[in-house]
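The same chain A turns up in both complexes below, where it pairs with chain B and then with chain C.
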Partner chain A sequence: MSAPKKKNFQIEAFKHRVVVDPKYAEKTWKILEHAIHEIYNHNASGLSFEELYRNAYNMVLHKFGEKLYSGLVSTMTAHLKEIAKHIESTQGGLFLEELNRIWAEHNKALQMIRDILMYMDRTFIPSTHKTPVHELGLNLWRDNIIHSSKIHKRLQDTLLELVQHERTGEVINRGLMRNVIQMLMDLGSSVYQEDFEKPFLDVSADFYRLESQQYIECCDCGDYLKKAEKRLIEEIERVSHYLDTKSEPKLTNVVEKEMIESHMHRLVHMENSGLVNMIVNDKYEDLGRMYNLFRRVSTGLALIRDVMTSHIREIGKQLVTDPEKLKDPVDFVQRLLDEKDKHDKIISSAFNNDKTFQNALNSSFEFFINLNPRSPEFISLFVDDKLRKGLKGVTEEDVEIILDKVMMLFRYLQEKDVFEKYYKQHLAKRLLSGKTVSDDAERSLIVKLKTECGYQFTSKLEGMFTDMKTSQDTMQGFHAAAGADLAEGPSLTVQVLTTGSWPTQSVNTCNLPSEILGVCDRFKTYYLGTHTGRRLSWQTNMGTADLKATFGKGQKHELNVSTYQMCILMLFNKADRMSYKEIEQATEIPASDLKRCLQSLACVKGKNVLRKEPMSKDIAEDDAFYFNDKFSSKFYKVKIGTVVAQKESEPEKQETRQRVEEDRKPQIEAAIVRIMKSRRVLDHNNIVAEVTKQLQSRFLPNPVVIKKRIESLIEREFLERDKTDRKLYRYLA
Partner chain B sequence: MILADGISLLCNDMQVDPQDIVMLVLSWHMKAATMCEFSKQEFIGGLQSLGIDSLEKLREKLPFMRSEMKDEHKFREIYNFAFSWAKEKGQKSLALDTAIGMWQLLFAEKEWPLVEHWCQFLQARHNKAISRDTWSQLLEFARNVDPALSNYDAEGAWPYLIDEFVEYLTENSIVQIGQMSDWSQKC
Partner chain C sequence: MKKEDTVKLISREGFEFIIDKKAAMVSQTIRNMLTSPGSFAETEHGQVTFPEINTTILEKICQYFYWSLQYARSYLTFNINTINYCYVCPVLIS
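Take a look at the complex of A and B:
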């Protein structure tokens, strides 16, 4: 194919008619300038936007953009200067309204101007990096109106004055306020912040400084807080009504600082109305208010917490050291629980269940409960009381609640081993006298102790329950084996207790009446026959007996007494009068127990089956006792309790203490050896620290005791001192 | 075997009192196991190491042995040796009376101003035998803690008996911690 030379077509650009008129730009601008004037004068209805747009378009197209832009700036500036003068001249209250009205107009005008000059906005301005029309309008407004020397200050003052009016309770035109503030925000965040927010915050601070000063002088704490809360809410509302939302934290900050932070110490410590007073009087609402307000300032909660803690410690200390309140252990523990409940309630209802407050409460309780060395004993006595009688007719859930509370107190105890010791004693008494109300409750508490302290802690307690069960089986076996032989004479129930599990004291067996002795021996033979290699000894100090007695006029009663008392009463089958010495000789009951027994047999009204000479409350060694045939009682069954020392007496306490100390020694030594075995070499202070840590779930070992144990281990060559550093110990394998 | 009688004969020959501290030093050289007793092996071994083959030489050696007590290092060795030397065979600790006697003897050589108070304290409050640890730690205490107790550290792992001694001293205002009382300056 041949390629004939092709003719190239060229498409020429369409050529505009070149504007030759040299005055074209000037003329066109005049039209536009006129239009702008008309717009500002509300005569825009007569204008043709299409025409104006085209003119502006052409000016930009013919490279007169610069002229157009600068013309706009100067025209608008001139207008705004006029407006400024007008606004300056407005009188008093109308100032703000006028400003607002003209601002709205300016916006409208700006809108129209922007529409006309849209082409410039789109092409000329971006390419020359000038300010777009709308923004330009705002800037000019800012510079010529807001920052004009006569308006600037007046505007600020007027706004602040209005807020001040509102704060003092007057109603102001919030809509107007909102519009003007909105204007400031439209002019850019820096205008709002510099020209309004900053001075506003300063004024607010002054206002609240003054007001809080007045309040604090004349209000009590509760009222003050109410007022502060009200103010805070007002300010938050103020922000939502007519301020920038970003101002809220700044504004609340000011109120918090002036009304709360500056006065919080004084508030908390206010006499008769401060925090302590609120706590004492359970003022949940006030406390809640204080919590919520103080939470807003950085050290507020710590302050409340500290004051609360020291208050609780103080009352707790009084509670546990007041000798009056120590008289009744059950009441003592009940008071502790009440105190705990009270403060729990405060924390949950007023302090938002704050964890740090709960911890503070716990540590306070831990602090003061351990101030009294008898706390473990008393808590055990409280449980004893509950499990003996207190829980009758109480639902299972309520029992659980009480036991959980007891466990909570138990957790506070440092000397958990002391509690264990007493608990064992009290449990033994309960089990042996059959006084325990609910087996389930007993076991439930043991389970709780086990989860808290581990298997070791409760193994002996559980052993006691096992013994009780086995004893029942043994007795069945015994009766089955002995059969009819036992029908005559007294019936016997034996509980076989494993030594070691029970807190048995080695008390000499008293002399039992011959009637009883026979049955006892039979049982002994039976038991040892089935269990070879065991030893039985009678714990006569722990038993009980039911006696049938006939008195003077032939009235019959069943007397429920202790084994000791039974031995004493049986003596009166043979004689009507016996002296103290004779009784002591015949029974060989230890003197202190004997006195107690006789006291409850002869000195308690309504249960005095014996008569004593001379009549007196206490038993003396030269007293004489008679069978009281004038005894009478409404009841067939008469329970004669021993005058038991519920609380331990001083020497008993000492003895228990000593036993506890003795029991601790091997535990401490074991801990030292455990630690040294793994560490091989350790210095003194670290051993003490580690031992304390290991044992603290049971008790708080005394450093001196630890030291003694270390020395003892050195002497027994488990450890040695390092040759060069005498503070270092070595483990000798 | 030289027993008590033999020892007193030996002392006579050496012209020293059997209570003389130099006998302890001699026993230390002989590595004697027990007070008032030398086995033949101990006796000969000791004399050999001292380079003595006659009574004359033994007598001449006495001043040297006395001077050895002044040597810090040797004193410590002799002090610690004294514990096992003085205690009864088979016992782990040292009877209090013996211990007090030994302390008085030893601290007469190397002055420790609190020794009398220590002994009084033990008799009043302790009245039990002394363990090896307490024995050896007391020397450290006497050496390192000044008599005014200004550098005593309650956390310093001292045996509890020494802690209690310090308590006793302050309780009875014998020493006010950190202050040199007139009494301790006199010594």
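Take a look at the complex of A and C:
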């Protein structure tokens, strides 16, 4: 082939043969009509596609499109009416199968008809805005078969009946179901929705309403949930097997509504098997199931959460207010931790670690821990106990875990400053008596407190550690300076504590034995010599002493005692018998402490280095004490503990409380001034709100106290009331 | 070549053109004839009669099928320098 030659030519329009035969259209249509009949009768093999196509083509070309189209509609309608009759007459069980078979045939025929009428489909139909052949076929099928009065209801009932059968455990022909449902979907989503989905959902709702009613009467909560879950899975499976995927949310919605939502409250509150019971018995599986089912319902989780919260609050309230359980603070805190662990585990393993549940748990704990005003003290005691002895032989990670848990409880406290007070006291005791087990653990806890509450919260605690360290250095310096002079007589270790950093103690100086007094004075001169402008006072109530004692049979023991006890024992170097009054006069130890010391020296079995007359458990003012010659012990070193009140006694508690209140005053004032400095003018309620907000990391200030502080500030002319509006306060620079 | 892969096109004058089915199916109409679900006579016998098309034109049509199959549809081997045009003589059309 070569390139086209350049030659002018004209392409003339194709000339159709003019149809002369007036019966042309009628004749041609007859051929086509016959063909459509044959196609429906499965006799297509005798037909020539080319001929039919050409005829249809020519008809459209010769403006007989309208005739062709209407002919098609009427022929097809007639056929479908025939089919409808046939389907109506089919017997019971075969109904669906027959319908399905004929539907497949209709589809095939429709495809063929569309093929031979392709030209009409492509040119005539778009230009006249008629329904394309395929769609036309479906519409006619819908109107003549599905919506035919006798078939419509029967089809619906048959389908619903089959589903009902399957729900009651029978096996049905799912493939057939799928095909028939697919047919409905092919006929348009509105057909599927109107003719099947809607009644189906209604029937499902009825079914599950009835079933759930039965279940709830005879099953406990766990079993009911299992059944509901099974039903839900079944329905989802049903959708995937033979329903439109769009039906899934609607269908599950029905099940959820009937099986869960309407019985939700009854389930949760079911006696002996409801939510509370599950929580108490750690039924993770049931709880998880409940969570997953209830999550599907809008208010389901809120309900679980509310019930759980009130349950935890109830338990917690019992825990913190039961006087029996308040006896042992360590046990008390341990119980709280156990409770927290238990519910944490439930939330993590059954409630999908839901944040809202965690929050609910936290707020519940916050609620009941603060119900008991002694919680801060107990938590500090718990830490004290752990750091004194509980952490021996425990790995570092475990220590961290315990401390983290304690911090978690600490976070719930509203009165963090009260905790600080107690913690300071306990820490002081630990440090001074050298009883702290692990320095690392102590410091790690302080770091945690610092990250939780900021620098100022721990600065004093850190100051205590610094004091301990400097004291060591000071002692080294002292021993180096005094040197040989100290070789004789008792050796002295002093811890110099900064006032302010340590918990303030009422100074009850006792009379120290002269031997000790000498060394003490030497240290005092040494210390004041190196540090000018300082004042030293002895805290005799906090020290300890090691004494070497020889008893009746010549056996020697080293007695580890407190400073007070040391003072008492030293008196017996000069006398074998002393009365209570004599001891009190000689030592000037405060009465309550003295009694406690004497009790521990004379009344504890195995450690009774003193003998008391008369023999009794309690110390009376007219008792007399003797040096116990017959004292014996298996050990060389004997540690004589003081009968300490671990927990604070009632007056002590009051005192601490008062001190805390006292300490809060300047903090509240500082907060008020800070706020007013930036706001200049503010009304009362806003000040209270802001102050509360600023201080809530440390404690919850009482509005009445805030009001008092404001008044005090007005008195001292930091603030003034607005002259016109008395509710407004004004900052005075 | 197997018989199933070919198709016979017959002109008005009775001339028979046996061509690849693939080529014949360049025409959408012939494709429909050969693939329509119910077996029409054309599908069964593998031949199509065109009583309204004369031999010359049918021949040209067949040529066009092959040309189209080779050049117009195979984008991969398309090369502007080697392309051959399907030349249709204007006389044929009139």
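As a convention for this text, the second predicted complex is superposed on the first by the 718 of 733 C-alpha atoms of A that agree within 3 Å, B and C clash if a C-alpha of one lies under 4 Å from a C-alpha of the other, contacts with A are read in each partner's own complex, and residues count from 1 in each chain.
In the analysis below, contacts are C-beta pairs under 8 Å (C-beta built on N, C-alpha and C of every residue); 3 or more make two chains touch, one makes a residue touch a chain.
Because the structure is a prediction, the values reported are computed rather than measured.
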item	value
Chain B versus chain C as contact partner of A:733, first or second or both or neither	neither
Chain touching more of chain A, residue-wise (chain B, chain C)	C
Which of chain B and chain C A:218 touches, first, second, both or neither	neither
Contacts of A:480 with chain B and chain C, given as first, second, both or neither	neither
Partner chain(s) touched by A:171 [first = chain B, second = chain C, both, neither]	neither
Touched partner set for A:44, first chain B, second chain C, both or neither	second
Touching both chain B and chain C, residues of chain A	none
List of chain A residues in touch with chain B within their complex	683-685, 704, 707-708, 711, 714-715, 721, 726-727
Sites on chain B touched by chain A in the complex	92-93, 131-134, 136-137, 140, 155-157, 159-160, 163
Residues of chain C that touch chain A when the two form their complex	29, 32-33, 36-44, 48-52, 84-87, 90, 93-94
Of chain A, residues touching chain C in the complex	1-4, 7, 9, 11-12, 39, 42, 44-50, 53-54, 108-109, 111-112, 115-116, 118
